[in-house]
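Read through the structure below, which is laid out as C-alpha cells, and then see the notes.
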Amino acid sequence: MTRTVVYPGTFDPVTYGHLDIIKRISKLYDKVYVAVAHSKEKGPLFSVEDRVKMLEEAVSDHKNVEVTDFDGLVVDYAVKKSVRVVVRGLRMISDFEYEFQMALTNRKLTPEIETVFMMPSESYSYLSSKLIKEIVGLGADISSFVPGNVEKRMKEKLKK
Amino acid sequence: MTRTVVYPGTFDPVTYGHLDIIKRISKLYDKVYVAVAHSKEKGPLFSVEDRVKMLEEAVSDHKNVEVTDFDGLVVDYAVKKSVRVVVRGLRMISDFEYEFQMALTNRKLTPEIETVFMMPSESYSYLSSKLIKEIVGLGADISSFVPGNVEKRMKEKLKK
Amino acid sequence: MTRTVVYPGTFDPVTYGHLDIIKRISKLYDKVYVAVAHSKEKGPLFSVEDRVKMLEEAVSDHKNVEVTDFDGLVVDYAVKKSVRVVVRGLRMISDFEYEFQMALTNRKLTPEIETVFMMPSESYSYLSSKLIKEIVGLGADISSFVPGNVEKRMKEKLKK
Amino acid sequence: MTRTVVYPGTFDPVTYGHLDIIKRISKLYDKVYVAVAHSKEKGPLFSVEDRVKMLEEAVSDHKNVEVTDFDGLVVDYAVKKSVRVVVRGLRMISDFEYEFQMALTNRKLTPEIETVFMMPSESYSYLSSKLIKEIVGLGADISSFVPGNVEKRMKEKLKK
Amino acid sequence: MTRTVVYPGTFDPVTYGHLDIIKRISKLYDKVYVAVAHSKEKGPLFSVEDRVKMLEEAVSDHKNVEVTDFDGLVVDYAVKKSVRVVVRGLRMISDFEYEFQMALTNRKLTPEIETVFMMPSESYSYLSSKLIKEIVGLGADISSFVPGNVEKRMKEKLKK
Amino acid sequence: MTRTVVYPGTFDPVTYGHLDIIKRISKLYDKVYVAVAHSKEKGPLFSVEDRVKMLEEAVSDHKNVEVTDFDGLVVDYAVKKSVRVVVRGLRMISDFEYEFQMALTNRKLTPEIETVFMMPSESYSYLSSKLIKEIVGLGADISSFVPGNVEKRMKEKLKK
C-alpha cells in the first residue's frame, strides 16, 4: 500500500527546502510524483515548463522521483494517477493553518485521499519561494537557498 | 439590552460556515442585521446586490434576520442602526489575530460598541469564501460548502 | 432573549482583567452570574468562599451582577440557571486554543448552550492570575493588577 | 518500503480521535504498531496494561493493527521493530509546536527515522484525553468522546 | 559596542506604534538610523520622500535619531553604515513568524549582523499602517493612531 | 548606553541553545550578567549552585560574561545592578506569548527597564531544558544538546 505519493506545489522556484522534503519522501516511498501546479492565478515568476525543468535538473539523482505538472485540483490529479497519499511540508504555524484548511477541504472533496505532513530540516525552516523572490530583487546572494541552476535562471529573469 | 446585533462581512459568497453562525445568532438575539460590506477595495467576485440576494435566499427561514448592505465603517453602521453589539465568527488563529486587531481598532473609534465572537460548528471550521473561489475555478464540486443557489451563481460566473 | 449570562472562571484571584470583562458584560446583558468554579483539582490559592468574597467586594457597583459558585460542569450550571449563554474572555492565542476546545466540548455535551467570547481592554491583555501569584511571591507590587482588597488578602496569604 | 509504522502515545485513555487516526493509518500501511508509552512520569490514570487492553478492544476490527507497549524513546522502539516511520496526529497549534520539537529532537537522535503527521477528522479536532479526564470528574457524559469499554472503565475508576 | 542601530521599515505611514518603538530605542542606543525602505514592489501610498518627511517631523525631539532611506537589503544598508544591530518591533504572532523568517534569512546572508526585537506599548499592539489605510478610506477618525502631520497628509491623499 | 545587560533564566540545565544566545549577546554588549533564577517553586533538577557552576564552565571563554544568581524579580535584580536591558531568547510561538506577558508585566512594574529579544540559531530552535530532562531519563544520548560537563552531571543525577 501507499507505495506511490504525490508531492504537489507551485515550486516558483524550487528551493533547498523543497529538495530536502523530496529527498526524505523518496526514501519512504517507492515512487514520488513531484507535481507542479500551473497556479496561473498566482501569477508565477516562472512558466510551468521552466518550473518543471528546474525541478528535473535538481532531482535527477533520485531515480524514483518523477516531475510532472497538473492543472486543477490535486485530489483529481491523485485519483488520475491512482495515488492515495498527498505529501506536504510543514514549516511554520502559518503553513499549518493553510495546509490544514486545504487538507480538510480536499478530504471533503475526495475522502479516500489522505494528506500526510513532513518536516524539512530545521536548516530550511525559514525558506520560502516568496521570500527568495523578494530578496533576489534587492540584490541578495541566494546561493544558500536554491540550487545553482535556479540561481542562474533567477538572475536571467532579473536582467530582463 | 443587546437585543439587536450586526453580523458584518463581505460574504463573497456566503458559505455554510456563515449560515451556521447566523443560525446561532438568530437564536440568541431578537433581531440580527446581516450587513454586507461593499468592500470595493477587495475586488469582490459578486456585486453587493448579488451578495445580498444570495444571503436573503439563504436566510429566508429566519424571521428575525434582515440582510442589508453598508459602505464605510461597521461601527458607524452600528451607531446608525442603534446597535451596540457586532458579532464575528472565529475559526482559526489567523482569524483571531485579524479580528482582535479590527475589534480593538473599532473599540478605539467607538468605545460604546462591543465586538463578541462566536464559533461555527467544527464541521465548518475550515471553510472560507476565498478557498471556495480558488477551488471552484479548479473544477471542485462545492455543494458541501455553499447552498444550492450560491453554487448555481458561481458556476454561471465561471462560464463567463 | 439571552438577557442572562454566566461568566465562569476560577478567579484565583480576580484581576483587573476579569473586572474589565465583567463591566463590559454588565452593559450588554440584563443579568450576569459571575460563577466561581470550585476547581479543587487545580489546588487554588484561595478557598472558593474567599474567591466569591473578593469578587463581591469588587463588583458591588454593578447592580445586575451576582457572584455565585458552582461545582461540576459549567453547562450543567447554566442549564440549572436557565441561561443559554456562557461568556469567556479571550486574551491570547493560547487562551484561544483552550477556550475553543472547551467550548466545542461543552457544545457537544449541551448543544443549546452557546459560548460567546469578549476581549478585555488591551491594557489588561497580559494579565493572568497565574502570573500574579508567581510575581507576588517574588516581591512584586501588584497594585496595578488587582483591586486593593485582593492585594491585601494576597499579602496576608504570603505571611502565613 | 515504509510498510510498517509506529503510532506511539500515552493513550490515557484512547479516544475516538486516536481511533480515527488509527483507522486512517491502517488503510495506508501494511502493518501498524500502536505503541503505548509507559509514561510513568506523567502519572497516568490507567496502568499500561489497562491502556493496552482498552486499545486492543477498540481496534480489534483492524487486522493489521497490533497494540504493544514500550518504555524509553520511541525512536529506540522503532529501531528495535525495524520501523522507519513514526506517525503522529496533529489537531491544533499547540500540538504542532510540541510535536515539531519532539520530531526534530528524535531526528537528531536517530536521523534514519522520519515522523509523519496526519489530521484526525475535524469532528475530533477538539478531543483530548486530558480534557476528558477533567470533565468526567465533573459529571459529564463522555459517550461521544470515547468507546463504550473506555467509558465503563472510567466510571469504575471514579467510583473508587 | 552596538551603540548605533538601524530601525528599518516601510513606514507607509508612520504610526504611534512605530514612534513608541523609536522612543524606546533612542533611550537604549547612542544613535538610531530610522531607515525607510523604498519598497516599490509594495506599491506604497506615500512616496519615499513623503515617508521620510513625515518621520522627520515626528521624531524631531529625539536628537540621536536620524531618518534616512534605503533601497535594497537592510543588511547591506547596515554594513554600509557600519551598524551591527537591526531592531524590529514585534506585536503579534503573525509579525513573529514573518520577522523570524526575515531575520534568519538576513543572518544567513550576513552573519555578523544581529536582529533584536522590541515590544511596543500594549496600547499600540493592534496598530498597523495597513489597517489605518483601510479605515481612513472608510471615513475613520485616525487621530488616535497617527501624529497630526500624518493625519493631515492622509486626508489630502484621499481628496485626490 | 546599554553597555551592560542581564540574561536571566532558570538554566536547569544550560543547553547549547542558551550558549548560542550568550555568544551573540557577548558580541553586542560590553558586559553580560547571566543571571540564574533560584526558581524554587519550579522544583529544579539541579541546585542553584550547580546551575551556576555548569554555566561558568560553559562560558569561561567569554571574558565579558559573568554568571550570577538571583532570587526575586528580574527587574529588581536589574535595578540593583544598574542595568537597563534584559535579554531573552525567543524560539517558538509558545515562548513568544509567555515572554510578552512577562515583559509587559515587568514593564508595568519597572518602566525604565526594557526587554529585548534575540533568536538562537535555527539549529537550536527546538531545544528546551524540559525536553532534555525528559529524554535523558528515557535513555537518550544528549551530547548534541548540552555541553560535556552538563551531560556528565545529568548522568550522575540519574544514577542516584
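For clarity, chains are labelled A, B, C, D, E and F in written order, and residue numbers in each chain start from 1.
In this section, a contact is a pair of C-beta atoms (placed from the backbone, for glycine too) under 8 Å apart; a residue touches a chain by one contact, two chains touch by 3 or more.
Treat the numbers as computed from the prediction; the structure is a model and nothing was measured.
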Touching subunit B and also subunit E, the following chains: A, C
Minimum number of chain-to-chain contact steps, subunit D to subunit E: 2
Shared interface partners, meaning chains that touch subunit A and subunit E: B, F
Farthest-lying chain, centroid of Cα atoms versus that of subunit A: C
Pair from A-D, C-E or A-E with over half of its contact pairs in common with B-E: A-E
Subunit B and subunit C: spacing of chain centres that average the CA atoms, whole Å: 30
Centroid distance [mean C-alpha coordinates] between subunit F and subunit B, Å: 47
Where subunit A touches two or more other chains, by residue: 93-94, 97, 100, 104, 122, 125-126
Pairs of chains found to touch, sorted by chain label: A-B, A-D, A-E, A-F, B-C, B-D, B-E, C-D, C-E, C-F, D-F, E-F
Subunit C - residues contacting subunit E, complex: 93, 122-123, 125-126
Subunit D-touching residues of subunit F, taken from the complex the two chains share: 92-94, 125-128, 131, 134-135, 137-141, 144-145
Partner subunit F, residues of subunit E touching it in the complex: 1-3, 24, 27-30, 84-85, 90, 93, 96-97, 100, 103-104, 107, 114-119, 122
In the complex, subunit C residues that touch subunit D: 41, 71-73, 76, 93-94, 97, 100-102, 104-105, 108-109
